[in-house]
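Two complexes follow with chain A in common, the first pairing it with chain B and the second with chain C.
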Partner chain A sequence: MSRPVKDGTGRPRQRRDGLVVQPLPEETLVYDLERHKAHCLEAVAAAVWEACDGRRSVEEIAARAAKRVGRRVPEEAVWLALRRLGRARLLEAPVAVPAPRGGTSRREWMKTAAMLGGLSVLSISAPTAAQAATCIAVTACEALQNRLCPGAPCCTTGPNPAPPGTVCKKVGNQNNCSCAP
Partner chain B sequence: MGPGHEAWGRRVARVLRGAWRARPDHQGLDAADLFEASPLLLRGGSAGLAWWRAQASSVPSPVLKPLHDGFAIHALHAAVLEAKIPAAFVRLRARGIEPLLGKGWAVARLYPRPGLRPYGDIDVYVRPEEGPAARTALDPPGGEALPVDLHGGAAELDDRRLEDVIARSRRVRLGDADVRVFGPEDHLRLLALHLMRHGAWRPVWLCDLALILETLPPDFDWACFMSGAGARTDAAVCALRLAHEILGASLERVPARIRRRPLPRWLVPTVLRQWGDGRFEPHGTRTPLAVELGRPRGLLRALRARWPNAIEATVGRRARFDGFPRLPFQIGECFARTLRFARSRSALAAPPER
Partner chain C sequence: MRRLHLLYADARRLVRTAERHEALAVLESHLTQAVAEMAPRRLFVHAGVVGWNGQAILVPGASHAGKSTLVAALLAAGATYYSDEYAVLDPQGRVHPFPRPLQLRDARETATSVEPEQLGGRRGVGPLPVGLVAVARYDEGARWRPARLSPGHALLELLSNTIVARSHPASAMAMLRRVVTRAASFKGRRGEAGETAAWLLEAVG
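Now for the complex of A and B:
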């Protein structure tokens, strides 16, 4: 899949296709079904992401995010969140962060923004066998991408029973998990 | 399994005390317990609950990180499965089948957050005679199969009239859809008996019971919960008492008959040893017996992997949970399983009837 071009409009749009989103009070969890990555968006990053409808400017996004998190969100913080969301491929196109004003370096500018907190877009790793449920159905296992293979036993009952003794795991170079011994 | 396993299991139990509550008390939570028990918590699907209890504590974030990641993965996996439940109901209702949901989502929905209680598939219960049609609806030729574990009948509740169980079932909302779940009395009994039948190996199953005990609806009918085969009722009662003894679940709203049921001395250590055994292979993950028997020392390995714990053996032999030694039941259960295996092998080997 080719990398989308940078958004030059300054009105970023949230990506919607191929994502599973689980909003929670303190964070928003996102699973990218195409790239097979799970992300955890902290409060401000989640509020910025939610506000990216392709019509709002960064200034408007900052105002909306501030309303949602209940504290001031400066534009620098929005730019930093947008950069992180773009890198995580959670925007339709990554944004081009403008040069800072007032003689400060971009690095210092971003550092100041990062100190505000709540901006992290963390990638989540699947701990070994984290999903050890009683068993995982073959279809559910095969729907998971190989980074998320839970190591849980595959169900030997149900409409599509797995061979006994198999677990949901990464097999060879396949993109998806498989039920294998 | 030995006393070492019991100590590990006790760590898991200490971490999970009260973890199912909306505001769990993190006082008394030991970071060392949490760190050391993490592999067992992750393996048993209790990582989310451990994180939920520990998140407001002073436990260092590197200790919490893998538990939080476990929770997040469970939450996303639950979101994927949850989205498929209405489709299962639509497909079954189109064939005139009204299914019941049990275990999995039906109990996970009661927790304060999605992801705290993981589940691997959607447990759907239909009348036995509806099984074949339901199977076709859920896994149509050439169509998308849904991740459903289909049960013909009500499994552990087959000592009750299925029509009564269905009559007590309730409709609940799932997004824009209406789905049907077991009535609370039937569901608590089902969960308790399922836990005991599988030797209580997953801590999260006991958390399920603890959660339900503390959030009972005001009209919960204990007489209904207790009705059915005597040995099963006894097993279900012991399961509730275990939730209190091991996890500190409140029995405030539980009848005195259950509160006063003494547990045999072997029961709590059996559960803790099971929880502390990091090498335990649950049913479905073991190397098939037929394969093991073809290998040198395979019989010994197979026997060790399949040796029933005292709880499984008691349930399997339909015995009472009393103070008598469990070894005879374990030997009996092992013998019964071997017999079942031999019968299934001979049935497969028999020439087809003409």
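Now for the complex of A and C:
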């Protein structure tokens, strides 16, 4: 059974350029050098991704992935994995998931597929060096009396982010510290 | 005449202040950051670290996540001090000491430097393999009921606190792989630090 994808070939292709791949025993880590995002592919999602060579149909991908993970992988699970991989920009072109057959809704269809497990694609944005360093929150900085200003970088993330490149310091004749360049 | 302290990194001004301690604090912060970014064959992950029974416990997290408080509780329970700021990893996935004084904050967020010996702890001297990774964010009143993390999810947690995650992702992921394939990893919200510390030490055995 072959179903259409957005690129029109019905044979999704794994993106290769600009990625760093780190395999783990049951998962695969992928780092996107262009978007600075890291993705963790669970076992079935990783097997589907590796099988996307631009030549195999979804049916063939399901068979290949099943062999890799050692259990049956239905085509619904492949479609769900392809949708998630496409959203993570790990395919050359995103896939269009076909309408389900037999009167079930797409939501139910995807829910059933998700219950099979191993299909998660968890993504994070990699931090810049400054984001990963020790910092002081703006509110914490502004709560300090000016004789106690630590001079530490102010946090650029969180609910009240400071402008990049600012430090917690005494500014003018203010009684309290401020995040300032 | 007003005396000012100026600090530059190349042509970029880092600080201009009349307070000497502010200038020195910025210098220390900048030097630490530079070492973390440029150290060859070492990976700096923002984390608290203690040693226990020949293994390291890593507590990764951003500033103000409660790392230092949890490290202090672990020291009070008998653990060995490695760091409250950076886990310094080598290519074998072992963690090395980065034993600056702990920075403990009070309710007003004022930081105080505390030597580990003041908390009943000892300083670690050699590298340790990582036995446990605990992502423990402080949430007042929460009970520590952590969920187990898969190696892949644990690697993402560590990478999101890694200084060179963007500049050297391949080598960072390779080093972190060594950690997560060996260590057990957990994530949860914690309340009182002593309860969590006791759980972590028990988990490492």
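Definition applied: the second predicted complex is superposed on the first by the 118 of 181 C-alpha atoms of A that agree within 3 Å, B and C clash if a C-alpha of one lies under 4 Å from a C-alpha of the other, contacts with A are read in each partner's own complex, and residues count from 1 in each chain.
To be clear about the criterion, contacts are C-beta pairs under 8 Å (C-beta built on N, C-alpha and C of every residue); 3 or more make two chains touch, one makes a residue touch a chain.
Keep in mind the model is a prediction, meaning the values are calculated, not measured.
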{"item": "Chain B versus chain C as contact partner of A:Ser57, first or second or both or neither", "value": "neither"}
{"item": "Partner chain(s) touched by A:Glu42 [first = chain B, second = chain C, both, neither]", "value": "second"}
{"item": "First (chain B), second (chain C), both or neither touched by A:Tyr31", "value": "both"}
{"item": "First (chain B), second (chain C), both or neither touched by A:Ile124", "value": "both"}
{"item": "Chain B versus chain C as contact partner of A:Cys155, first or second or both or neither", "value": "both"}
{"item": "Contacts of A:Val167 with chain B and chain C, given as first, second, both or neither", "value": "both"}
{"item": "On chain A, positions contacted by chain B and by chain C", "value": "20, 22, 24, 29, 31, 38, 40, 124-130, 132-137, 139-140, 143-144, 148, 150, 152-153, 155, 157-158, 167"}
{"item": "Chain C contact footprint on chain A (complex, rising order)", "value": "20, 22, 24-29, 31, 33, 36, 38, 40-42, 122, 124-130, 132-137, 139-140, 143-144, 147-153, 155, 157-158, 167, 169-170"}
{"item": "Contacting residues of chain B [partner chain A, same complex]", "value": "42-45, 47, 66, 68-70, 72-81, 83, 113-115, 118-122, 135, 138-139, 144-150, 198, 202, 282-288, 291"}
{"item": "Touching residues (chain side chain A, partner chain B) in the complex", "value": "20-22, 24, 29-31, 38, 40, 124-140, 143-144, 148, 150, 152-160, 164-165, 167, 181"}
{"item": "Chain A partner contacts - residues on chain C that touch it in the complex", "value": "14-15, 17-19, 21-26, 29, 32-33, 36-37, 46, 62-64, 85, 105, 108-111, 150-153, 155-156, 159-167, 169-170, 173-174, 177, 180-181"}
